[in-house]
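Letters A, B, C, D, E and F name the chains as they come in the text, with residue numbers starting at 1 for each one.
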Amino acid sequence: MDILLAIAIMALGAVVLGAALGFASIKFKVEGDPLVEKIDAILPQTQCGQCGYPGCKPYAEAIAKGEADINLCPPGGMEGVQRLADLLGREVKPLEAEEKPKQVAIIDENTCIGCTLCIQACPVDAIVGAAKQMHTIIAQQCTGCELCLPPCPVECIHMEVIPETLENWKWKYPVVAIQPVATRPSAEEAA
Amino acid sequence: MLAKLFKFYGGVKPPSNKTLSNQQPIRPAPLPSRLVVPLHQSIGGTPRPLVQAGDPVLKGQKIGEADGWISAAVHAPTSGTVVEVAMHVRPHVSGLESLCVVIEPDGKDEWIAHGPADRAAMSPADICQFLQEHGIVGLGGAGFPTHGKLKATPGVPMAELIINAAECEPYITCDDLLMRERADDIVRGTAVFRDMLQPTRVIIGIEDNKPEAIAAMQKAVEAQGEAFAVVPVPTLYPAGGAKQLIRVLTGKEVPGAMRSTADMGVQVFNVGTAYAAWRAIGHGEPLISRIVTLTGNVRSAGNVEALIGTPMDELLKLAEPNPDTDGIIMGGPMMGFLVPNEHAPIVKTSNCLIAHSERLFPPKAPEMPCIRCGACARACPHELQPFELYWHARAKDFGKTQQYHIFDCIECGCCSFVCPSRIPLVQYFRFAKSEIWAREKEKKAADEAKQRFEFKQFREEREKAEKAEKLAKAAAAQAAKKAAEAAAASDAPATEQPAEAAADPAEAAKKAAIAAAMARAKAQREAAQPKNTDELTPEQAKAMAEIEARRQQAGIVPEPADALPATTEAKPE
Amino acid sequence: MMFAPAPYLLKDASVSRVMTMVCLALIPGITAYAWLVGPAILVQLVIASVTAIAAEAAMLKLRGKPLAMFLSDGSAIVTAWLIALTFPPLAPWWLVVTGTLFAIVIAKHLYGGLGQNPFNPAMVAFAACIVSFPALMSQWPSVGLQMPLLDQLNVILGLAPRVDALSGATPLDAMKTALKLGEGQVDIAHLLANQDIYGNFAGRGWEWVAVGYLLGGLWLWQRKLITWHAPLAFIGGMVLISGVLWLYQPASFASPLFHLLSGGTLLGAFFIITDPVSGCTTPRGKLIFGFCAGLLAYIIRVFGGFPDGVAFAVLLMNLSAPLIDQLTQPRIFGMKGKQS
Amino acid sequence: MTRDEFSTIAYNGLWKQNTALAQLLGLCPLLAVSTNIVNGVMLALATIIVMALANVAVAMLRNLIPHEIRIPVFILIVAALVTVVDLLFNAQLHELYVVLGIFIPLIVTNCIVLARVEAFAAKNPPLNSTVDGIFMGLGLLWTLAVLGAMRELLGSGTLFSGIDMVFPSLSPIQVLPADYPGFLLGLLPPGAFILLGCMIAWKNWMDARAAERAKRRPPTPEAIADTAEAGA
Amino acid sequence: MTSTPREYTAPGMALRTAAILFIFVIAFTAMLSAAYQWTKPAIAASALAEKMKLLNEVLPGSDYDNPMLQDTLTLPPTAELGLKEPSTLYRARKNGQPAALIFEAVAPDGYAGRIRLLIAIRADGSVAGVRVTQHKETPGLGDYVDPKKDKNKTSPWITQFNGLSLASTPAKEWRVRKDGGRIDYHAGATVTPRAVTRAVHQAVLWADIRRDQLFAEGSTQ
Amino acid sequence: MSHYLFILVGAVLVNNVVLVKILGLCPFMGVSKKLETAYGMGAATTFVLTVATGSSYIIDHFLLIPFGLEYLRTLSFIVTIAAIVQLTEMVIAKTSPTLQQTLGIYLPLITTNCAVLGVPLINVASGYNFVESLLFGAGSAVGFSGVLILFAAIRERIEGADVPRYFRGSAIAMVTAGLMALAFMGFAGLDKYQ
C-alpha cells in the first residue's frame, strides 16, 4: 500500500515536471551559440589548420562543444590558451606545439613561375598575381600560416622571421628583476 | 603676477644638481666631422628624403620633406656633401637604426638663402605651413610638430597660453640658460604663438629655483611691453609636465584620455620651442641646432649650442668627461635613457647629455617584491596606483592594467624614485603599454585576416558554382554540336572522340572541332585558375608593378606585364 | 650592453629600513611589557625571531631565491615579534615555534613570500594556535606575578610545571567570565574596582603596554611609514560600538577606554591593521578596513568565543581587502568630480 | 573491453583525473568527513556503490532518455540509488550513519557522480562505465583515506579512530605519544582545506617529475605512436 | 542525444517527456520503496538499540526490568530543565517498583552554547548517571564533559555525579571546586563544567519534588 | 523578530555554508577564478537556493510528511530542484540574453552544488518553519555568494603572486580557502545567543 502511495505521489510530480520541461524545451528553444563567437574572437584568425580543424571558426565550434582542447592553436600561443582558459573557466594547459616567432612568407621573385597554386592555398588572400605572372605576398596581410609552402612546385616560397624595426619595437619585460618572477605559466614551465 | 597657484598631487624632490651646469654661458659647439641627421625626429610621419648620396647641400637646405600633416621638415645643419642616405642608429632605447642623411661638412657652414617671414601677408594657415617647412617641433621632450598645436579646438575658447620653462628634471639647464641669454627672442616667439592662438592670458611658468631666468624673462617681457605673466612655480618634480604645469598655473586638470590640452582651452609650449619659432619667423632659420646641457660626470659641465646630427660622444667630449664615465644618458636622470650606442646623433629633442658613472648614479640594488607600502601612489602626480599597475603588468594581465588606467601614466618616474623595493615600475608600465599596442595591432590584423578569409571562401564558392554552370553549358553545347556533326556526316561512321578518328574523311570538320575543343579547354583552365589581381589596393598594385618591372629587367618575363589588370594604373594616392 | 631604465636617481629607501623602523617602533611597548611580566617576553621574542629566520631561510632555499637579499629585509623579524607579542608570555616554546612556522611557511611563503601574502602572517599564526591550543593560548600570567628569569625560562621550556598562577586570564577574558558568572548581578564598575586585576584603568599594568604601542605607532605615523586612516578608523570603530553599548547598559558593557587599552587594540591599531601587504591600500579602503576591523574585533571579543577578537577581525578584513581595494579605487588625475 | 582501455580507465580514475586532486569535484564530502580514516573510507565506499550502479544504469538507459530531461532523469537515478545506500547504512551501520549525517544523501549532488554520468556513462558502454565508476570511486577512496589519516594524526595523534563503529572488536591506534597536545586545526575545516591544498601540490610535483623523466628518456615507439594518434 | 530527429510541437514534447519521466519515476520509486520496506525493520531496530544503549549508559540494565521505552511521559517545555521543547521522560522500574527517572536537561550557559544532557535519577534521589548528548564546547578544552572525548577513560569527569544526591551533598557543594564546591574541573576550562554542574543540580532539584507524581502518572504510549 | 535576524545573520557568517558547513565547495573552487563570473554564480545560486528551500518545504510538509514518505525526501527534493533549475534556465535563455550572460550559463552548474540539497535537508533537520527555512536558505545563499566573491577577488590578486610552482592554481586556492575558513572561525560562539 505504502509503495503504491509513494509511487502515485512521485508519479504525479514526474508528470507535472516532465510536461513542463518538455513544453519549455520547445517553447524556449534558442538557436546559435554566442560562445562560439567569443572563442572565435580570441583565435588569431590565421586559418592555418594546425589545430586540426579546417580553420579558426570550426575550431571555435569544437571548443564550444567541448570536443576540442583549448591548447591546440600554435599561432595563438600561450597567450591565447590563457585567454581561452579565462573565458571558459578551464585550467590553463601548455600548448601542444612550440611557439614560433612571427613570420611572413616571401616569394623568390626570380624563381616563381606564376602557377597560382599558392594563391589557392593562401587562406587569407595575401598573395597577389595571376596565371603565368610572378606572384607576390603582401607582408602586412600574411599571417605566417605556411600553407602556401607545400603547394609551390618550384619551392620559391620561404618563411622569414619578421625583423625588429622601430615600428614594431616593443619595450621588453624588465630584466633587472633578480628574482625569477611568477607570471602565468609559460609553455615550457608548465610542461 | 597671478594671485593664486594650485597644487598637484604627489610629486617628488630629487636633488636638482643644476648648479653644475648653469654657471657658464652657452658655448657654440664646434663643427663635427660628420653629421648624421635622422629623418624621423618628431612624432608622426617620417619625412621623405630629398637628397641622394653625393648631393651637395647648404646649411638650412631642406633634406627631408614632411610626410603628412603631423610631420615636420628636416634640414641640413651645415653645408657639405651628402655621403649617404642609409640606416643608422638612432638615439633610441632600442638601439635600432632608422633612415638618416649623413653629411660631411665642408667647413664653410654656408647658409642657403633665407629671410624672415612676411607675417603681415600670411594667414594663420600659412604661418603653420611656414613653421612646418622650417622643421619646428616641440623641444620640451615629446617633439610634437609645433604647427599642429597652433590651432584652438573649435568651440573651446583659448583661455591660457602657457610657456613651459619649469625645467623640472634634475641636471638639465638648457632652458635656464636660454632664458638668461636669449629672453628677448623667447618673448617674441611667445608673441607669435599668442597671435596665432589669441588666448586670454599668457603665462610663463618657471620653477622658483631659477631666479636669474625669472629676472631675465621679466625684463624681456617688460622691455617688449607684453602683458605676459612670468610666474615662479614651486620646485617640485614633475612641475614641468604639461598637465602638472597647467594644474599649477590654472587649476585645470586635463584628463588623461583627452587628446589635446587645447580641448580644455590651454596650450603649452616649451621655451626652446618659442625661441626656435622666432628664429624661423623672424629670421627664416630652420631648426638645425639646439641648446644641449652637457653635465654629469664631467669636468666642465655647461650648455652648448649644437647642430642636430652631432654624434653624442663627440659632443660630450666638449665637457671633458671623467675617465670613469661609462655611458651617456640622453635627457634627464628621471625620464631619460642610457643610449645604447654612444655614436648616435643628437636630435631635436635631445636637451641634455649626462655622463653616467657608477659614482654618480650608483647601480640599483636588486628589485625586491612590492610590499604595497603605497609610497608610489603618494608620489604619483596622476594619482594612479602604481603598485596595482605593476602587479598586473608583472603578471602580464594587461586588461587589468588598463582597468587601472595605465594609459594615464606619463612615465615621469616619481613612483620608481620613491619605491623602497627599487622596482623599475616605469619600465613595467612601458612594457605593458607597448604590449597592449602590439596586441591591438594584432587584433586588427586578425580581424582583417578573418574578413579576407571569409571573402575568399565566398569567392571560391561562387567560382565553383560558376565553373559547374559553365561545364554544364559546355557539355550541352558539345552534345548539340555532336548531334549536328553526326547529322552533317551521316555517311561517315559516328565516332565518339574526334581525336581518335584520325583517318576520318571529313578532315576539315574535325580539325575545326579539335580547335574548338582546345579553345574550350583553355577557356576552362583559365576560368578555373584563380586570379588574385582584382580589387587590389593601390599600394599592392604598385608593389606588383615594381616587381614585374624588376623581373622584366632581369629578363625572366619575356613580354611586358600587360596582363596586369587595369587597377594597376590606379594612381598611388 | 648596459641597460638600466630611468629613473637613475633613487630616493634613499629600502624595505629593510622600513622593517627596522617598525621594529624600533615596537620597542616602547616591549619595554613596558618586559617591565610588567618580566624577561619572559624577551625570551619569546628571541625564540620567535630565530624560528622565523630559520623558516624563512629554509623556504627561500627550497624555492631557489636569493637568501641574503631576502633574509636581510627584516620582514620575518616583524612577523616574529608580533607573534611573540600576541602570544601569552609564558606559552611553551613549541607553541611559539609552531605559530611562527605556520606564519612563515604557510601564510607567507606558499604565496610567494614577502609582499604577496593576502593574510597577515602573524595573525594567521595567532588564529591557528588559538583554535588548536585554546587552553595554552588563553593562559596569561596572573598580574603582579614576579618570577625570576630562570623560572620563567623553565616554564617556557617545559622544565617546570605550569602552576595555576601562570594560567590566569587576560583582563578581557576575566571580565567576560565574571560577567557570565554573575548573570547580571555583577556590574562593571564593581569589577573594575578590583585593582588587582584591572589596575588603574584597564587591566593592571597592561594599559601601560598599550600606551607604549601608542607611542611607537605615533612615531611611525610621524615618519610617514603608516597613514592615519586605518588606525584611526579602527579606534573609531571600536570606540563607536563600545561607546554605544556602554551608554546603553553601563552595568554590563565596559567603557570605550577599557576596550582601547586592553587586549590587542592598540598593538592592532598601529602595527597589525597597518600591515601594508595584507591590508587595503586605497585611502577609502583603509578607512573601511580599519572601521570594520574595529567593529568585528569588539563583537568577537565581547560576544564571541575567543578572548580577543583583533586577530580574527584582521583576518576577516584581510580576506575582504582585495575586493574593497577594487571597489574603492580613487579618482585619478583629471577625473575629479566626474563619474569615471 | 581491452586491457588498454581498462588500464587507461584505472589510471584516469586513480591518478590523472582523480576527482579530488585533479577535477576538484566532490569536495564537500571529501573535506567534511575526512576527520578520520574510517569516516572517509566508509563514505567513499558508499560513493563507489552509487557511482558504479549509477554508471551502469545510465549507460544502459542512455538511449532511452531524451535530451531535454536528461539531467532530471540522471539525478533521479542517482538519488534513488543514494537513498537506498542511505537506508542500508541506517539499518546496518547506524552509528556511522549518524556521524556521516547529511553527507550520505549529499552524494546525490556530489558533482563527481553526475559529472561522471554526464561525461562518461552517457557516452560509453555499460561495462566500461561500471569500471570507470569504480575507479573514480577508488580514486576518491584513497584520497579520503590519506587526507583522513593526515588530519587524524595531526589533530589527535591517532589512526583509525571510530573503527569500532564498523568493527566493534577493533580499536583505534594511538600513534603519537599520549601527551601529544593535538594540533586541532587539522581536524577543523581550515586544516582540511590546507592539507588538501598540499596534496594537490604534491600531485603537481609528482606529475612534473614524471613529465621530466619522460622527457629525458628517449620516447618509446608506443609513445610516438600515441602522440601520432593524438595528433590525428 | 535523441535518436529521433523528429520535430515535436510543444504540447507533443510535453507529453513525451512527461511520459518518459513518469516511467522512470515509477520504476525508481518502486525500487526505492521496496528497499525502504525491506530495511524498515532493521532501521527501527537499530534506532531502538541506539536509544537503549544511551539509556543504559546512564542507568545500568541490571537496575530495571520494565520495558522502559514504553513507560514514558511527554514533558512539556520545562524551564527548570532548560528545555524549550517537549521531551520524553522514561520511567525505569524494577519488580514493579519505581527504580529511576531518565530525562533530558539542557545547560544553557556552556562556553559555546547549549549543552544537552541525559540524566538518570534513582528513586532514592541520587544521580544514577549523566551523559552529554549534544554540545559545541571547544574540542580539546571544554569537551571533556563528554566521556567520549575525555582523556581520562577510567573515570571520566562526568561520572563524578554518580551517586550524588541532595541529601548527601549540600547545595553549596553542587559547584566546581574553584567556586567552593566538590566538583572537579580542568584548569583553564571552568565555564563548561560550571554549566553542566548547575544543570545537573537543577535537574535533581526538579525531580526531587515531583518524583512520586511522575512515577504515578498514567503511562503514555 | 530578532530570532529571525539571528537565523539570517547566523547563516551568513557563523554557519557559513562554504567555510563552516563545508557545502557547495565545487562551484566555490571552480567558479572563483574571475570576479565577474563569481558575481554571476553568486546571483544564480542565491536564486536557486531560495527557490529550493521554499519548494522543498512545501513538498515536505504537504506531500511527504502527511503520507509518511520521509524517505523520499532526497529523491523528491533534488528532482524538483533540478527541474526548476532547468526550466528557469530555458526561460532565461529565451527571454533575456543579458540575464543569460550574467546568470544563465551558471544555472546548469548549480544542480551539482550540494548546498542546494544540503540546505533544505538542514532545514528539515533543524525543524524550521516556512519563514525560517526561507531565511536560512537566503542567508546561506548570501553567505555562499559573499565568500565566493571575496574569494574571487583574492584569487585574482594571487594570480599575480610568485606562488611556488607546484602550488600554483588550485593548490594555493585551497590553502586560501583554508585561511578564509580560519578567519571565519572567529565567528564561532556568536550563535550561542540565538
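By definition in this document, contacts are C-beta pairs under 8 Å (C-beta built on N, C-alpha and C of every residue); 3 or more make two chains touch, one makes a residue touch a chain.
Because the structure is a prediction, the values reported are computed rather than measured.
Trainee: Under the touch criterion given at the top, what is the topological distance in steps from chain B to chain E?
Mentor: 2
Trainee: Considering A-D alongside B-C, which chain pair is linked by more C-beta pairs in contact?
Mentor: If we tally the contacting C-beta pairs, B-C comes out ahead.
Trainee: By mean C-alpha position, what chain is farthest away from chain D?
Mentor: The chain farthest from chain D, judged by C-alpha centres, is B.
Trainee: Please compute the C-alpha centroid of chain A, do the same for chain B, then give the distance between them in whole Å.
Mentor: Centre separation, chain A to chain B: 34 Å.
Trainee: How many angstrom lie between the CA centroids of chain B and chain F, rounded to a whole number?
Mentor: 56
Trainee: Quick one: chain D and chain F, Cα centre-to-centre, how many Å?
Mentor: 22
Trainee: Any chance you could list the residues of chain D touching two or more other chains?
Mentor: Each of 66-69, 72, 76, 80, 83, 87, 182, 184-185, 188, 190, 194 in chain D touches at least two other chains.
Trainee: Counting only residues that touch at least 2 other chains, which ones in chain B make the list?
Mentor: Correct list: 93, 364, 366, 368-369, 394-395, 397, 424, 427, 430.
Trainee: Which chain C residues touch at least two other chains?
Mentor: 3-5, 66, 69, 106, 112-113, 116, 128, 131-133, 305, in rising order.
Trainee: Which residues of chain A touch chain E once you look at their complex with the stated criterion?
Mentor: Contact set of chain A toward chain E: 2-3, 6-7, 10-11, 13-23, 25-27.
Trainee: Mind pulling up the chain A residues that touch chain D in the complex?
Mentor: Listed in rising order, the residues are 17-18, 21-22, 25, 52, 191.
Trainee: Can you name the residues of chain B that touch chain A in the complex?
Mentor: 40, 90, 92-94, 96, 98, 364, 366-369, 394-397, 424, 427-428, 430-431, 433-435, 438, 442, 445-450, 452-453, 455-456, 526, 529-533, 536, 540, 543-544, 547-548, 550-551, 554, 556-557, 561, 563-565
Trainee: Under the touch definition given earlier, write down the residues of chain F that touch chain B in their complex.
Mentor: Residue list for chain F touching chain B: 156-157, 159-160, 162.
Trainee: Where on chain E is chain A touching in the complex?
Mentor: 8-11, 13-22, 24-26, 29-30, 32-34, 36-37
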